[in-house]
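One chain, subunit A, appears in both complexes that follow, with subunit B as partner in the first and subunit C in the second.
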Partner chain A sequence: MGVDEKARIGVFICHCGTNIGGVVDVPKVVEYAKTLPNVVYAEANLYTCSSEGISKIKEGIAKYNLNRVIVASCTPRTHGPLFRTACEEAGVNKYLFEMANIRDQCSWAHMHEPEKATEKAKDLVRMAVAKARLLKPLEEPEIDVTPSALVIGGGISGMTAALCLAHQGFKVHIIEKGPELGGMLKHLYRLYPTMEDASEKLNPIANAVKSNKGIDVLTSSVVKQVKGFIGNFEVTVQRGNGENTNLNVGTIIVATGAVDFEPVGMYGYGRYDSVITQLQLEQLLKKGELKRPERVVMIQCVGAREEKGRTYCSRICCMNAIKNALLIKELYPEADVYILFRDLQTYGREYEGYYLDARRGFIEFIKYTPERPPEIVSELGGKLTVRVYDSLLGSDIEIESDLIVLSTPLVPHEEAKELSQVLKVPLGPNGFFFEAHVKLRPIDFATDGIYVCGTAHSPKDTAESVSQAFGVASRAAIPLALKHLRTEAITAVVDENLCSGCGTCVKLCPYGAIEKDDMGIARVTEVVCKGCGVCAASCPERAIAMHHFTDEQVTAQALAALGRTFV
Partner chain B sequence: MTFEPKIVAFCCNWCAYAGADLAGVGRISYPTNIRIIRLMCSGRVDPVMVLETLAQGADGVLVMGCHPGDCHYIDGNLQTERKIKMLKKLVARTGLEPERLRLEWVSASEGGRFAELVKDFTSQLKEMGPSSLSGEKPDPNILASVLAAKATAGDFRLRVLVGKEKGLIEDGNLYGEEVTQKELDEIMDEAIEAEYVRNRIYLIVKDQPLSVKGLSKRLNLDSRTVLRHIVVMRQKGLVTIDKIDGTTPLYTALEVDK
Partner chain C sequence: MSKNEGILVIGGGIAGMQASLDLADRGLKVYLIEKSPSIGGRMAQLDKTFPTMDCSMCILAPKMIECLRHPNITLLAYSEVQEVSGSAGNFTVKILKKPRFIDEDKCTGCGVCAQHCPVEVPNEFDMGLGFRKAIYVPFPQAVPLKCTIDEENCLKCGLCERICGAGAVDLDQQPEIVNLTVGVIIVATGFELFDSRRISEYGYGRYQDVLTSLEFERLLSASGPTGGHIVRLSDGRIPRRIVFIQCVGSRSQRGELPYCSSVCCMYATKEALLIKEHNPKCEVYILYMDLRVFGKGFQEFINKARDEYGVKYIKGRPSSIEKDPETGELLIRYEDTIEHGIREIEADLVVLCPALIPTRDNRKLAKILNIELDEYDFFKAEDTLLAPINTSAPGVFICGYCQGPKDIPESVAQASGAAARAAEIIASTPKGEVKNGSG
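Take a look at the complex of A and B:
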């Protein structure tokens, strides 16, 4: 540790045309840089990021035998990689590079105070030098990738993703909890808005999966344990017969689906035979067992969009209700069908058209408010009377009905929590699997090499699940196709002599990158570590160091900022 | 010449640092007093670093991370929050104003907010005046206190309490019993008080052997409290009796590898 006495630092200060040079007195900063310890060379460039500027860095490294490089210019967030590569090409480890942001933080933000901006630029260069003297070269570990994938869940999402990967030539294992493939689609009758038979959609894909030699299907099986990291996951699968099977895979796709919420106790469900869920209606339609109803009332948002608990919209129920209403009308045109809704989710042009079809097909839509939800007010001879406050009419309406269908949301599997712990990936507030970032990484988990698609992630319909499955297959294929991966060198490292095995870091690491070994000592799996440094800043024994952002380096920057001498 | 406070800011790479970049790109001006240190996550900010920065005379320390829920590292920023909460309590005991330390959330799209926060903090510090530890002649008592606070922040007990808070709140204790934030805060307050005083004692007797009475006078604490700490510190092998002055024992610090 400590300052590298042999550090030979070169400082390249950029004018950025007039962006920096127009405000900051660059020659003055160059002269100042030359006075700083270990700085053996400093120069100004018109544009350090131009090809000329990059050659200047490389020439400087060769001519002055530089082993540390500082560029004082713009933000490392955009230009850091370019300069790091230049260093690497000239034989200086890229982690021996440091940047001072004298444009975004100086000339641009303080354009009306050129003198103060120049002083600040000098400070920022001094801080960079303070850090650079303490920098250490780092190597990025390279790992091999096992060219196979695990798909957890054999529904439409999982099978689609598996086929996609198999077609690209990768070995795929599907683990299905149930006795056969098919998932939720097995229970469905027709799909909106095309009205195609669910089995027509499902069967060709299920058959393709079964006949594909690249796909191994294990039914009645669950994932018990997952060890390892991207490229090298070791998975223990528990089979229906109690035996364990071990698999080695490079990437993992979670496609475990969701289940239908059972509204026990709501609207007389469980008490009256004529109160059923949309899924039960769908099954009656599928089997041709739906008796001729006189008047059907469908109630939307049953157990969904609640104040607490299931706060979310299940997204598919509105379209599903419209579809089933149309199917009833097709079968029994004289039956009345009412849909009592809060807000209609018939998004997009296609679904909106479908909704208009339903209105033209004489399906009655009544908007209720959550403050005055529909209620069942009486029962007589198997017929139930539903009272609803029509918020558009501004008055109560009573409907006598012989079939009440409750639209209930998709809810996460009970086993989702256990699987999330096995995989060390998070569940969101509603209990569905939680992606790394809703916009930037919508189908990745924060943990590299594990992805999510279908209704395991959130309620969605078949078409959406399938398109997400395609997305996930292409994400999961990238590391498999690359065969080797380089991972971040900015990682945590435990000093085993200091570690007391308290386990604080194990709990705090958001990536499960730290485990205790047989001796109870914390060990960092480098390739899983993302370099946040939370463990280092929290370790009770201060036994963890963070590469490239060590306590010493950060503190040296802080002291340099205050103009305290380099110590 | 008007007083220009020196502010050291620890910014996470993904949100706060990006917010500062955006302020620059948008040519939104703010006071020149701030010096930014880029970290990958605000969760990297070690309480010891913050106290060292204050001890070395920073007029203000600003820690900035992603808004809760937006952290690039899932919930590193929530750990930052826990650390800063502990730090403020610790700083409050030193005689240095805890308002010199501030935690703020800035997203990558909030260039304007970044500039506003820097403006606000700078004017707040201008109003407060220079830190007692800035300049060539720092207040020796406050410096001694802040150094004791720094030692406290580096010790096992507070670090383990802050580090275990997440687990205790999420999963309950070892027996599966729920632990409330209030209970944890009480434990933390007690620990901060005890550990801080012990570090004060340790650093004082390291320089000069003193009696319980002498310590009690220096620390403005009743002698029973001091004695209680001395007993614990003797058990832990931190202090020992240097000599007996008449009938009064004088205590001195033992060399320990901290």
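Take a look at the complex of A and C:
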């Protein structure tokens, strides 16, 4: 251990256009960097991340025989991998790279104090140099991938993903907790915007799944335990008969769907027979059991878009209400149908047209405000009177109705919580599965090898769920197609001589990467470890070290921050 | 000679890039073709993205570079598809590589030539608000980072040729034809903006301080024409009140576009938040028809804008915008449909949120690819519900905004979907030796 006396450090300092250069005196920082120990080269770049900047790094490595590279620019979270790969391509182990974030931490945080920002940038570069001198090359372990996938949930999303994966040549297992495939679409009558029969769309897909030799379907089954990691998941499935089945898969897709919120106690639901949900209405329509209503009132956002609680908009309810309203009109043209809404969500290319059709079809739309929501004011002879403040008219109106249909949001399955713990993937604030990055990784989890699609992710309609399902059929196929993967090199290492076997790390590890061996000593499964460092930080014996963040390296950085001489 | 496993991706925006990266990452050969000088698409022009307020370029740039550097991706920027023949599993594609008048191998993208070029033209990347030269790099993070000479505006004075240290300028460069054989084609041509001049009562084009949302986005951006300072273009003054107008040309029942563009309520809210972050004293109003809050975290984002930042939402569609000739203020007349009555509000800057429309080239491309368009020129899905990514032609897939209005995560997920569909075709195509590469 200790300083590599042969360390030849190159420092590349980014202007980021004016993002950094507009505040920090970059040339000054470059000159300063040149004075630091082991720094043999330093330069400024307009954008170090541009293809030009990347070639500058590579040229620098070749020309000055660099064996350590520092980039002082933005955040390693977005740009670290790019620079690391550049180092690797130029023959420097990518763990001999270090980054200083002089954008977020200097030019952005201190934009009105350019001199101090420049001084701080020098401090950060000095700290990076202090660490770089101590960096060691690391290797990423290679693992084999089991060329099969597990799809949890046999609704339209899960089946679409499974078929697509099977067509790509991979073995697929579908685990469905219910007795048969189909999910939410089994309960629906027609699907918007095409008004096609749900079972006519669903059945060919379900049959294709059943007859595909590459797909194994286990119904009445739930995932009980998942061990392992990307490429090598060991899944324990509990069957309906109580027996357990074990599966080995390379990737896992969560397509568990969502359920309809039951609005108990809202608008007399549960008290009056004539107050039902949209899903109940849909089932009456499907079975042909809807009795001729005189006047139907549909109320949107029941239990959705709340100030607290279910804060979200459930996306599908406006179109679903319009669809069902049109179906009622088709069946009973003389029935009056009112839709009481807050903001109509008839977004996109086709849905607005349905809204206009519905209006032309004499469906009444009344906009209410959340401050003055509709209420049921009286009941007489099975008829309920709804009072609503019509914000367009600017006055209260009362509608006597013999059928009140509540549009309630899709909510996560109760079992979502348990599954999230089994898979060690997070749920978001509203209880839906939470993706790795809202914008650019919308169907990945942060945990490698596990993906999400359909309404398990958030409310969405059939076409949107299907699009996402095809999406995960690509994401989950990438590792399977590659057959081998490289995993994280920045992992935890346990010093066996110091470990007391207290088990603190085993409990704390969010990835389940640590177990106690026969001797009671903590063991890290390297390929599962993500290098988060929770174990190292909490080990009472200080028996755990993190590769790339050793005590020695971190201490050297801290001392450099305090302006102490290099150790 | 290589196996016929190539995929052509048309359009280098976020959807095209995601589809390319998914396919390349699994070991398939991708040709990513982009008509403009750089990949990046619309997302490159954005300052931040809703509802997470991620810096758009910061999350996009690494992906752009990845597309450039990926050993399985061949990037063909400044190129257009001319002819396609064959069928799924075996398409022959003729591509026109337009002359940049620059030797790409020699150009370092240093931009010295642009400093000396005497011709200034409106910069497309800044929606015409700033200027670029006739020889230019469209934006600093452009990929590939190569100069382009815009033939239309170049005076052929030869100054750049003399100044270029790398000797990269080649004023005699000719268009090049590249012939490819691929198994699958993915179309991801994105969107354009409805021309707000068509709603003449809003004064766009007549009043300098009536901007489109994408122009305003460039104004917000640190890399934009004002370096991220929000000022009135007419007099450089810092605006005290900014009013957004939703559904300009969209949700229209009078001959413009009837559909909803899906993203405007949210990006207007994002831009409103950014105004408040730049200048908390600036008042911001959003005049809307219905707040479209249907995505994950959208309602919560609007709540935050309203409750924490004081952005004011008014349901109402303006009838006119007029400029007070003396004060320069813009007077917006609208009907408030909740508080009731015809109201007027003064603003010193108005941001129009125009309909987003399919790109003009879609018609040409639809003919070349023999695929169907809908009445608005979006590419038509084979089956709305179950095959939203397929087109009427087997082996040709669509994703992103060109398939229908959607936001970034929906485009990304669908792009991965297109990659999966492409991989299905490749997996089912008998592997034969096919002539491949440029000609």
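Keep this in mind: the second predicted complex is superposed on the first by the 392 of 567 C-alpha atoms of A that agree within 3 Å, B and C clash if a C-alpha of one lies under 4 Å from a C-alpha of the other, contacts with A are read in each partner's own complex, and residues count from 1 in each chain.
Heads up, the rule we're going with is that contacts are C-beta pairs under 8 Å (C-beta built on N, C-alpha and C of every residue); 3 or more make two chains touch, one makes a residue touch a chain.
Source: prediction; values computed, not measured.
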- Task: State whether A:M519 touches subunit B only (first), subunit C only (second), both chains, or neither.
- Result: neither
- Which partner, subunit B or subunit C, touches the larger number of subunit A residues? C
- Task: May I ask you to decide whether A:G531 touches subunit B, subunit C, both, or neither, giving the answer as first, second, both or neither?
- Result: first
- Message: Tell me the contact category for A:R542 with respect to subunit B and subunit C: first, second, both or neither.
- Response: first
- Message: Just checking: does A:Y351 make contact with subunit B only, subunit C only, both, or neither of them? Give me first, second, both or neither.
- Response: second
- Applying the touch criterion given at the start, work out whether A:P442 contacts subunit B, subunit C, both or neither, answering first, second, both or neither. second
- Task: May I ask you to decide whether A:G17 touches subunit B, subunit C, both, or neither, giving the answer as first, second, both or neither?
- Result: second
- Check whether A:V264 is in contact with subunit B, with subunit C, with both or with neither, and answer first, second, both or neither. neither
- Hey, what residues of subunit A end up touching subunit B and subunit C alike? 75
- Message: Touching residues of subunit C toward subunit A in the complex: what are they?
- Response: 14, 18, 22, 25-27, 49, 51-52, 54, 58-59, 61-63, 65-66, 68-69, 108-110, 140-145, 222-223, 227, 251, 253, 258-260, 262, 290-300, 303, 315, 337-338, 340, 374, 376, 378, 384-389, 404-406, 408-410, 412-421, 423-424, 427-428
- In their shared complex, at which residues does subunit A touch subunit B? 75-77, 101, 103-105, 108-113, 116-117, 119-120, 123-124, 127, 426, 446, 490, 500, 502, 504-505, 507-508, 510, 530-534, 536-542, 546, 549, 551, 554-555, 557-559, 561-564
- Item | Residue numbers on subunit B that touch subunit A, as the complex places them | 6, 8, 10, 13, 17-18, 20-21, 23-25, 27-30, 32, 35-41, 43-49, 52-53, 56-58, 72-76, 79, 83, 115, 154, 156-157, 159-160, 162-164, 166-167
- Any idea which subunit A residues touch subunit C in the complex? 17-19, 22, 46-47, 49-52, 54, 74-75, 78-79, 81-82, 85, 160, 164, 167-169, 191, 193-194, 196, 201, 205, 305, 307, 311-313, 315, 343-353, 356, 367, 369, 391-392, 394, 428-429, 432, 437-443, 453, 457-458, 462-464, 466-475, 477-478, 481-482
